[in-house]
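By letter and in written order, the chains are A, B and C; residue numbering begins at 1 in each of them.
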């Protein structure tokens, strides 16, 4: 852990687009409104909403500043110079994202350069300010662009390419020939480029289809812990720009995710399925192979999608159907008791 | 493998609370009643129940001793000195647990000390009798208490703390700043302290919320292979004392599990959900974010919990509901054929 | 990546059982019919079906040869010596499997021998042409048969045995005493031989059952990325010959899979369940503990199996039932709207 550089009120105004009320302060730590007690005078609190009671708690705690929705700030008396500063923002969650980045005390890498215990192929290409952690492996002809960080124990295969600013946490695998875009973050244990699950039935049982394709992750893609993305059979499995995949997600061979797709934990997408832009897939949802999910569709958690989903629709249930129909179906099932009471003597 | 020290009948009496019948013996190996044939005279068998036929098989095999429920033992003639000893116990499963621990031939670590291939930061603090396996990494300021075992290829982040007697198997990740209690066992590939899945929507798409929080595992917590526990956003994700998590489980950011919680394989708990004490969660069950599951609740395998579950209730189904209602619903759906036969001409 | 040896038309005839039409060629690369444009004259295309339009595209691209179903080839004019060769086959998917193996440009290991950074126990036994990659660990008394490849960062426990020709990709764990058969392929991050999830309830809470058993993988078994196979309590967890498990699959302690079993991604099989030969288990399906699934049964994706499944049956749904009944149930639920419209004034 390091102590981040202190952040001024002025910087907050620029970073958050905040309207500042009260004294100028320096903040170094970001804390939760639930755990504000005893937080100290270098702490900034983000309150998703701020009523008089939680404002009082912040004052008692003596924090430096409180970030809250502008409309909540408008209901409070302007803070005195002895009270915490009040920073009104349009979207507290966005303020949380930006403050958390600014005040992150975890350095993404201990230091630049290649740790002496790492095994880096002679012909690997490393950009400026690259950090390769202890006991990591970088294969032949792999290319790590500027500012790439490879965490401890990670393995980068032959010919893989990692774009500028991307971070691989602990024990990540980026297999041979895989391409990772710029500014991606791959969590511990994720596997990008494992062989797809494909077989042909021969006279002596299953014969493995060797997977000669690859995986392409776009820019600003996040991959969760122990998530797996299989390589394509002959072409590429693709995760579009700004795709965010949670932990333990399965993306099978030849799948294509559009841009800005969100996939929650333990969801799975079977082979060759095509997911449009801005699709949101809930936790543990499963989508079968060779279907299409249109742009802006929402798949509810736990849903089992077995056919194409039109653009813009919200689907849920198992098997999945439009959410409105699923809700109606649940309603009708709830009426079964009455129907049966009426009919049971007659049928 | 090593050969465990032989165990006497007297030790069995103390360890198992067993009533001993027949000859005194020394046992070194624990075997299954199904595979008793040819087991040898240093083997002890645990029989969940023991009828005359399986007792005969044990005699033919010539095993040293048979552990069985006291009420089954009471139905058999006391063994002669030429026959296996009979040890009556109240709970054969508890006897299995204790014998399996006593006779485990797998040493938890080959030897104490830091393997020369491990990378341990100069300022890491290692207690007495700590073992750090080959190619493991221990980060700056990490603290390993007495008797901790770090398996091959595991990575412990900066400032992480591991309590006394805890065991990390192969390739475990305990990320920066995470706290692991005493006597925990973490299976291979598990990731404790990956970044949570949190984003804000900014003008140019999703902005990552950096996760400045941590994970706290209590004492006697077991974590399964390739299971993931994300760190909290600002506070801690918590697994209470004696929590037991199976393989491939997902615990999202800010979740709190009470004490004595059991979570079976592939279950998932979404962000900020609070699970009470002694809750049992079945395999592949999913629990949505920001709900509460009360003390002593049981969630059936495959259930999809989308709202609060009161203490002491058993819920199942998708979406989940009280098990009694779920069973009734399944019954009524089974009556649909008759209802439809009655109505189909009229509707 | 290496460039595979070029393959002649004659070799194709033998390998694929193909009927050759047109010129003799040399091929080095296998490409997809969708991405044929600009493929070059050393490429062979496999077309699951070939109509005149795709045949024209192949001609324009100037590929060396096109593999297509014999009946489709029969509908086309025989190719001139200026056109791609046409190779008619009975099963294009089987041709794909064999060509993909023949033309795989990824060498399974960079070179034979033990990488200097690997940690191999003095008493481990290594066969001929074994490759142990960078930063891999091979434990005491482990046995690696001829032609075994251990990928970077993999860990092989004490006394484990790996059969001839088997390949462990990156960061695989094969724990103490586990047996892997011949010609298996284990993908990155898989864990074979983690401790099973078993506890007894003692006076002071759960007591761990130490798992003294093992795992036995048969010959030609494939294991997916981040999949977990737990060791048996006292006996073995078994995956029979030619079993193929996809990514993120959970196989619990004491499970027995027969021969030729296919398990798709994220499926889970709970403790002591017995799966027959040639069973197919769909993605994310869950099978409860202590049940039997008969030979040749098919379990649909997402199914939740809570009881025995007879041989040869296809089951689906949650809870799972014979597929025919599941479809009928879904049909009847679809009639609820009409039934309710008819009854709602009366009940």
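Couple of notes before you dig in:
Following the convention adopted for this analysis, a residue touches a chain if its C-beta (ideal position, glycine included) is under 8 Å from a C-beta of that chain, and two chains touch if they have at least 3 such contacts.
Note that the structure is predicted; figures quoted are calculated from it, not measured.
Chains compared, chain B against chain C: the Cα-based superposition rotates one onto the other by 120 degrees, nearest 5. For the pair chain A and chain B, the fraction of shared interface numbers is less than half, so the two copies use mostly different residues to meet. Centres computed as Cα averages put chain A at a distance of 28 Å from chain B. For chain B, residues that reach two or more other chains under the stated contact definition are 135, 153, 171, 189, 226, 248, 266, 284, 318, 333, 336, 339, 343. Against chain A, in their complex, chain C makes its touches with residues 1, 30-32, 34-35, 91, 93-94, 96-98, 100-101, 103-106, 110, 115, 117, 133-135, 151-153, 169-171, 185, 187-189, 220, 222, 224-226, 242, 244, 246-248, 260, 262, 264-266, 283-284, 301-302, 318, 330, 333, 336-337, 339-340, 343-344, 346-347. Chain B makes touch with chain A in their complex at residues 119, 135, 137, 139-141, 153, 155, 157-159, 171, 173, 175-177, 189, 191, 194-195, 197-202, 205-212, 226, 228, 230, 233-235, 248, 250, 252, 266, 268, 270, 284, 286, 288, 304, 306, 318-319, 328-329, 332-333, 335-336, 338-339, 341-343.
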